[in-house]
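Beneath this line is the structure, given in structure tokens, with notes to follow.
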Amino acid sequence: MFSDGVFAIAITLLIIEIKVPRIDSIHSVDDLVNALVHLWPSYFAFFYSFGGILVQWIVHHNTFNHMDKTSRPFLYTNGFLLLTIIFFPFPTALLAEYINTAYVMPAVVFYGIASVVNSLAWFLFIRSVNKPKRLLNDTFSSEEYNKLKASNHFAFIVYTSTAVLAIWLPYVALSLNVALWILWVYLSLIEKE
Amino acid sequence: MFSDGVFAIAITLLIIEIKVPRIDSIHSVDDLVNALVHLWPSYFAFFYSFGGILVQWIVHHNTFNHMDKTSRPFLYTNGFLLLTIIFFPFPTALLAEYINTAYVMPAVVFYGIASVVNSLAWFLFIRSVNKPKRLLNDTFSSEEYNKLKASNHFAFIVYTSTAVLAIWLPYVALSLNVALWILWVYLSLIEKE
Amino acid sequence: MFSDGVFAIAITLLIIEIKVPRIDSIHSVDDLVNALVHLWPSYFAFFYSFGGILVQWIVHHNTFNHMDKTSRPFLYTNGFLLLTIIFFPFPTALLAEYINTAYVMPAVVFYGIASVVNSLAWFLFIRSVNKPKRLLNDTFSSEEYNKLKASNHFAFIVYTSTAVLAIWLPYVALSLNVALWILWVYLSLIEKE
Amino acid sequence: MFSDGVFAIAITLLIIEIKVPRIDSIHSVDDLVNALVHLWPSYFAFFYSFGGILVQWIVHHNTFNHMDKTSRPFLYTNGFLLLTIIFFPFPTALLAEYINTAYVMPAVVFYGIASVVNSLAWFLFIRSVNKPKRLLNDTFSSEEYNKLKASNHFAFIVYTSTAVLAIWLPYVALSLNVALWILWVYLSLIEKE
């Protein structure tokens, strides 16, 4: 499946944004230890985006498993969704570069905008599996479909408000996103299946 | 499927050509905002090539779904088609680098030549699914096959003429390509399936 | 399968860390020969990580072949395992850059820590295929399962102790890892299937 | 299939070695045209390696289609074969960088060595589908198997002798390889299937 491949490549490309400390700037063992420690923004951005793409892949894959038809509008909304996924290595690298500087604001806002556009793409994707014709088969209950829609609305509201908040309080906005993400994983783990 | 993987990777590699603004050149929050805004040629080139590869993937995948045989000439024409797809990240990066400069002409012409070669590869591909032996099964109507050929001829004419036009009017040529692309998506969306 | 794609991409990305000698620093044929010979740390790191990821892929793929169910915790442990796999191109490049310098210690320790976290991810993965519900079908014997667990415990102990040893004796620690890896391949080749 | 993914990624990574001319060195439209023309070593190396990997993928895929068993030694020889495939982007970039310089010899010899090791990997791969146990099913005739072996022996002899010849006559050795490759494609196209 083409979509799975795109998710797999986007998630793996995240690693090539973590750059090895250049040997010219290393003059002792301690220098290299410090350089590796000071790469924490890169590690953080890597984990953060990895988590985001992985969760989306699980939801995307699960939705595809319940479809046996397709439509022209669906192909386009799926394409647009993949475009927003593929885009993430760029804001991830931006965040890694600037999170630890005085210029963090535009990086967090930019990442936030990418997340908002991504949730809009999910909105169109979710809509297109039901209209103009229903593409999901009966193994996907309308309860599940409504839950998917509710998650999407929630994500849209959270990403939009934290992207706006980030203009004044970038670190608070980012922390909120991370906290919600941890909460979401926790809730999905204790949930009865 | 190998071909799907190649499409997925070529489309995803487009993102690594968008480079994060280097911190050395950023001295204020406004600098970073400006730098991100001035990356618009990279965003544009990314979207443009993403759209082109995605549409080709949909057509390619659809054709493969109606084949249950293969032939030696087909393997070579398919390989040549994949080569022209894989090549796109290079003219994309070239366009992103030069679209906003006085040296835009060779970049647009080069992208145009890549598109012409790509449509020639499609020409050979489409021909090889029918000759020397018919590889398509009966679920692919001859009407669909003729439509595919007509699209290919149209694309060849458009890309060739805009590539020539770009020698004198690079921006007009590029705009024509983008306009035709939008029109094409619009027409395919309103079309009865 | 998404996981297979991630393994394939992580293993292939290893090659882009080997950099072609820059032409500015080459003034004779002998210079280029020497430069290619002096890339041995890159070749070594490439082979070493390639072997590690390949063996893990074989084990991972084999485990998946015996599963026909899935669970939420399993999706997360599998995701975490993939994260540790995707991470390897970074310590690989680090090792290649510093193995031949006076600052080798942090590079070997860092690679060791990545290996320890990787074996912890395997621990959670192996656990999650059995709990909270058994996901493996009966074609995977409990003997095989116990062997998998034993290998994991062994790997964890080896990686932890060599990572600690590397603080004082980085080359000895690395040699031990390589020797154990060769021994492991040898044993698995002579083993009756 | 993991192997297909590795072939797809290795072949696609070839493009990222073609670097866009840097804008600092471009002062006129003619400069950019010249820079694009002078990238011919990169285009050549890209096409050359693309062809080599594509042909190997076709043969590899065809062999896998006739197997329904596997063995431990086969997994290792297949892994080693994939390693030699993944390695090609590096000698390709090396060839592109030095083909047009006075230091071409080590680049051609290095590419030749990579090809020799690659044909040795094929030798082991071909052997392991038959020994210690036969993995091919009856749809793969022994005639086909012998043809595969003969091609491999031929490739080994050609790559070894041209790699040695390249020490004195790098351009002649390279031209011989290209000529043989074109001849091979031509013969396979006119061959009765």
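Each chain carries a letter (A, B, C and D) given by its place in the written order, and its residues are counted from 1.
To be clear about the criterion, contacts are C-beta pairs under 8 Å (C-beta built on N, C-alpha and C of every residue); 3 or more make two chains touch, one makes a residue touch a chain.
Values in this document were obtained by computation on a predicted structure and should not be read as measured data.
Centroid analysis (C-alpha atoms only) places A farthest from chain D.
At the interface between chain B and chain D, two copies of one sequence, fewer than half of the residue numbers in use are shared by both copies.
The mean-CA centres of chain A and chain B are about 26 angstrom from one another, to the nearest whole unit.
Each of residues 5, 8-9, 13, 16 in chain C touches at least two other chains. Residues 1-2, 5-6, 8-10, 13, 16, 71-73, 75-76, 79, 82-83, 86-87, 89-90, 93-94, 97-98, 101-103, 105-107, 110 of chain A are the ones that touch chain B when the two sit in their complex. By the touch criterion stated above, chain B contacts chain A in their complex at residues 4-5, 7-9, 11-16, 18, 20-21, 23, 26, 28-29, 31-33, 36, 46-47, 50, 54, 57-58, 61, 185, 188-189, 191, 193.
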